[in-house]
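There are structures below to look over.
The same subunit A turns up in both complexes below, where it pairs with subunit B and then with subunit C.
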Partner chain A sequence: MITLGSQGKNTFLEDVNVKSGANVLECYQCGKCVSTCPVSQYMDFPPREIMQMIKLGLRNECYMANSHWFCLTCSACSGRCPREIDIPAVMEAVRHLAIDQNYVNDSKKVKEIRKFHEIFLDMIKRYGRNYELRMMAEFNIRTRNLFKDMHLAPKALLKGKIPLGVKPLKSAKAIKRMFAIAEKLEKNK
Partner chain B sequence: MARVGVFVCFCGANIADYVDVPQVVEEVKRIKEVKFATEYKYMCSDPGQGMIRDAIVQYKLTSIVVAACSPRMHEKTFRKALSDAGMNPYLLEVANIREHSSWVHQKNKKAATDKAMDLCRMAVAKSIANEQLHEISVPVTKRALVIGGGIAGIQAALDIADARIPVVLVERSPSIGGKMAQLDETFPTLDCAQCILTPKMVDVASHPYIELIPYSEVIELQGFVGNYKVKIRKKASYVNFKTCTGCGACWQKCPVKVPNEYNMGIDKRKAIYTPFPQAVPNKPVIDAEHCTMLLKGKCGICAKVCDKGSIDYTMQDEIIEREIGAVVVATGYDMWDPKPYEEYGVGRFKDIITSLEFERMVSANGPTNGLPLRPSDGKVPKNVVFIKCVGSRDEAKGIEYCSKICCMYTTKHTILLHHKVHGSHAYVFYMDIRAAGKGYEEFVKKAQVDTGTTYLRGRVSKIYKKGDKLMVRGEDAQIGQVVEVEADLVVLATAVSAPKDNPDLARLLGISYDKYGYLSEAHPKLRPVETAKAGIFLAGCTQAPKDIPETVSQASACAAKVCGLFAGDTMKKDPMISTINNEYCSGCQNCLNVCPYGAIVTDDVPVGHGSKDLRTVAKINEGVCQGCGSCVAICRSMAINLAGFTDPQIINEIVSI
Partner chain C sequence: MKKLTYFPGCSAHGTSEEFDSTLKLVLKTLDVELEDIPDWNCCGATSAHVMTENLAYALPMRNLVLAEKLENTTMGIACASCYQRMKVTKVHMDENPELAKRINSTVVEEGTYQGKVDVKSMLQYFYEDIGVEPIREKVKKSLAGLKVACYYGCLLTRPKNITNFDSPEYPVSMDQICEALGATATEFDYKTECCGASFSISNTEVVLNLSGQVLAMAKESGAHAIVVACPLCQSNLDMRQPDIEKQQGVKYDIPVFYITQLMALAFGHPIDQLKFPKHIVPVEGALANIGKVAPVPEKVKKPIKAVEAESEAK
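On to the complex of A and B.
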């Protein structure tokens, strides 16, 4: 049972709106996002319900959901939203708020997704671009699942989908500087 | 000897594809009375009509049969063709071989042809017994009666009067204005209701063509379209309106306090009162049920303070009669009483109010100076829950239909709450948001996005008390979970219901009403303002729930109908009405009971030729009879015939097949 009206102002809605730049109140619950989303069936709460939960100020329930972690930010939902709400931005905002406030769904799946994001960013930081082979290897090692998707490797290698080496970008240094600035900003926050 | 001409139409391919038209023509030619028969591609076209005109003259025809489409389509066209050829137009018969044969028997050409031949034979046989009939001319009294002085009645009266047709406007309460006068602002533009209504009220009072009879009721209507006589009971007001200046000394001094109906009983009025400051007429009346002078003969303060001597405790009800030609019924609606909603604690919890009560509170001239207050402790509420569909769409406790206006007025209320109480939050429990209207959806968006009203999709299941708060429990179907809202005030959007006196009024006027008590229109789509009784029209919520723009449109439509009715000095009417043969009439009066129009009265005629003894027979009022034939069917002595459908005509038809 959810109790409303006793918490006073809906600060969660304000936080999400400020962070995402969208206005969640615009949502009129048509559900077009849900039927558009390629991963909505894997989410605890599909995007429409997340929007309603934000409107009701259900902060903790929203943080604990896995929906914003599953979101691919493919923007199919916002492309079709009749109220033109930037739903991926809302999902991103919830993701950030959840991390900031140390309030994250700790299911295995979400952990894996977070690791994936971390490794991906690490690759960018190192090479200025993605190095698929190393990324896969690291992901499999860090998630302790060495042979995951290994059967796909030969085929992918033959087709040239997994280059064996990586050629760092010329601007890799600039990207490193960007990371440094971002980390500094994060610390000073 | 009758000489019948038959004209069979192909209707392009509509008839010809499925009915063998030449065969039909050959068949009817075999009837001995048929002196001429032919076929044509489009009988309704000019050349087609020309064939009829020519044949009438050439073959000296005495009646005409056109086998074509439904008489509803072209009966008038062909009647005119007969008139143009110098023949009585009612000697025409139409055999409907399109809707009744070709269209419905497309798979079987032979059967369709056989049926078309049967229909033609019947029409020929009937036409042989056709008689010359003549349009009935009825004189018209050019004065209209408008019943009810809400926005519907006001608009209808003003529009009719602007066409320089005198109007009698009868209002039951002491002032015109109706429900709209109780509203604060109106959706979706948030115009102040009083500001747009009161100028119209003043126009009514000062219009040279409007006779305003307030504090009165219609008690009898007799006659027929164009010639009604109405009796109006003018309730004793105990105040002489001619001398009263409306100074207000009387009600200021009156010691008796009574719950104020205008403010939904939230505050008190006096026993002598004007309903609200902008009342029209702005003259007080004495409420006889509460005045101590009238009840016990003691007090009399109002008479003492009135320096015009306008108070008259001996005044009696007065019956006024007026002759009128048309009636506009605009009796409005009642708010549904939410008492059956026991699970909401209606009646137990003080802080549950109805929407009209909320409306009065937020109204600038209301009992709380425009601020919503909790009835229990007079505090300003922060969290307000609005519950929609209370009584509407509820077959168990309320009414089946959607009341149409609640979605929008609730939206308006959430915006008004936001304007009036800073830091307040509105929650709306709803089943659907029905915002079909100009600017309505945008208005709902304004509430949801700009005002931040929280909409929760679900019906409230129960309300209970927790401290001084009310806990409102319902599902939010958007997330599939039960929610409870801690509310300071709960507002019920109660349904619109038909005025409880509507059935009595309908019987009095001789019009019909539906199972809810709303007055019935003649056709739900194509005749939405007329009733089945000629000369009586409907405006506003008395017909069905509707909002102000729709009500005003319908009222203006009524005015157009009344003006159309009064356009000539006399009215023309089809002669297809019942006639009574006094020789056969036994005076059983069964026909009186079945006539839906009240067109039959009793008459006394001599028992025999030259006799002084009288006996009762039925008598048809030509102006009222619509020719439905109910009386013909019920008459056990076969004394009633319907012109154009007499017994010989019908029997001829039956014998012919």
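On to the complex of A and C.
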């Protein structure tokens, strides 16, 4: 495989390509992804720069960037990419690699985004389905921001917009087992 | 009578209960019988695929396997996010049997994945399996006078190679259904922009910004209301609207309907069954336009001769 910018083999590029199924080398840096991306203004490095950083083998910099945490997987970029690269899959590959290799971005925003996803998965593990009210409450407790969105609560609860309980699955055990096996699969990759 | 395997999704029992209940009214009128997937589980939504690859496929696969045990081979999904996860899983499993086998090892009791169930969003089901004309035929009370901005969000039509439905840039299926109900669909350029989706709780600032843009563009298009087919779009645009108004210093006052609420209304279902009181932004103002003759646009173009005369006078 042709590699750019680094001496020897660009293992990072290979890792991302294998994991995402995309070929990052096809990117010719036109920047259409950046102008399309609804959240590029919040990213440390917008998608175009991440693509180039992968080509240059800048593994640590990519892992530590907040970009892959801010990606909403809305697929607007890949729909308009003239090279038809699946950029959300590339972002996801970088994120999964960063998680697997225990990289932690400890900026407040990234911590909160990550915490939200962890709590959401925890709800599924426990109930088989999402328990919306509990998820919101746990998020506020675990991010130490007790009063977040509390101004919405009276209206939302009174109108029955957010129900108080959840009906757990009958086969809750099957879901717990699924989580256990999936976790093992993740480790043995 | 047609049959359809139904996946409601977690929010149908929560924040989007009105989507689920009005969908059932509409399908009754359209003579479709729903069969729930027994003991379905959460699809994992955004969080599963953000954090881990295996779980992101495993959770939807269990539902697909359960659906395969039912007689019918089409699964209709209310929530756009559930639809996306289920369809991604189906496409990737069908493409890659080795991956399917690995993921199937997490679904122990339910059985082997065979890939024989087709996955559709309810919007897609209405458009492709029911059709616009049969929907038009069921209309008892035309919505003429109501102008709507049809908002699809990111997940119903993108990515094209997964959804294989409508246009990823300027879809028209929901517009055509709304027009069949008698409403007018406005020219709305933000049809497929993202509302901020799963950042609703963890990164509200982004949602206020992105959903604010969608509201602004819908208002500019001249719409009285926004129509959606996604629970997350609805709650971001409706529940967060007062905060957006406060932040931007603008009053939008634009209600956000599920497509099924408008269909049920046009099909003549009693208004007290449409769950309008659940909306944060009141719907009465927008619905008052129904039956009114469309107003003459304010900016009527001056005849060319008048413009020429003006410039000569200068």
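In this text, the second predicted complex is superposed on the first by the 169 of 189 C-alpha atoms of A that agree within 3 Å, B and C clash if a C-alpha of one lies under 4 Å from a C-alpha of the other, contacts with A are read in each partner's own complex, and residues count from 1 in each chain.
Here, a residue touches a chain if its C-beta (ideal position, glycine included) is under 8 Å from a C-beta of that chain, and two chains touch if they have at least 3 such contacts.
Because the structure is predicted, anything quoted here is derived from the model rather than measured.
Student: I'd like to know which partner A:E26 touches here: subunit B for first, subunit C for second, both or neither.
Tutor: first
Student: A:F116 in the overlay: touching subunit B, subunit C, both, or neither? Say first, second, both or neither.
Tutor: second
Student: Applying the touch criterion given at the start, work out whether A:E132 contacts subunit B, subunit C, both or neither, answering first, second, both or neither.
Tutor: second
Student: Comparing subunit B against subunit C, which has contacts with more of the residues in subunit A?
Tutor: C
Student: Contacts for A:E92 in the overlay, against subunit B (first) and subunit C (second): which applies, first, second, both or neither?
Tutor: second
Student: Of the partners subunit B and subunit C, which touch A:L157 in the superposed model: first, second, both, neither?
Tutor: The answer is neither, since A:L157 touches no partner chain.
Student: Give one of first, second, both or neither to describe whether A:I141 is in contact with subunit B, with subunit C, with both, or with none.
Tutor: Neither subunit B nor subunit C is touched by A:I141.
Student: Both subunit B and subunit C contact which residues of subunit A?
Tutor: On subunit A, no residue contacts both subunit B in one structure and subunit C in the other.
Student: Using the touch definition up top, name the residues of subunit A that touch subunit B in the complex.
Tutor: Interface residues on subunit A, with respect to subunit B: 1-6, 10, 23, 25-26, 28-29, 45, 48-49, 52-53, 55-56.
Student: Applying the document's contact rule, which stretches of subunit B touch subunit A when the two form their complex?
Tutor: Residue positions touching the partner: 383, 385, 425, 427, 445, 448-449, 452, 454, 457, 476, 478-487.
Student: Can you list the subunit A residues touching subunit C in their complex?
Tutor: Its residues touching subunit C are 38-39, 42, 70, 72-76, 78-79, 86, 88, 92, 95-96, 99, 109, 112-113, 115-118, 120-121, 123-124, 128-130, 132, 135-136, 139, 148-149, 152, 155-156, 159-163, 166-167, 169-171, 174-175, 177-179, 181-182, 185-186.
Student: For subunit C, which residues are in contact with subunit A within the complex?
Tutor: 10-11, 13-15, 17, 39, 41-42, 44-55, 58-59, 62, 102, 105-110, 154-155, 158-160, 168-169, 192-194, 196-199, 201-204, 206, 210, 235, 239, 277-280
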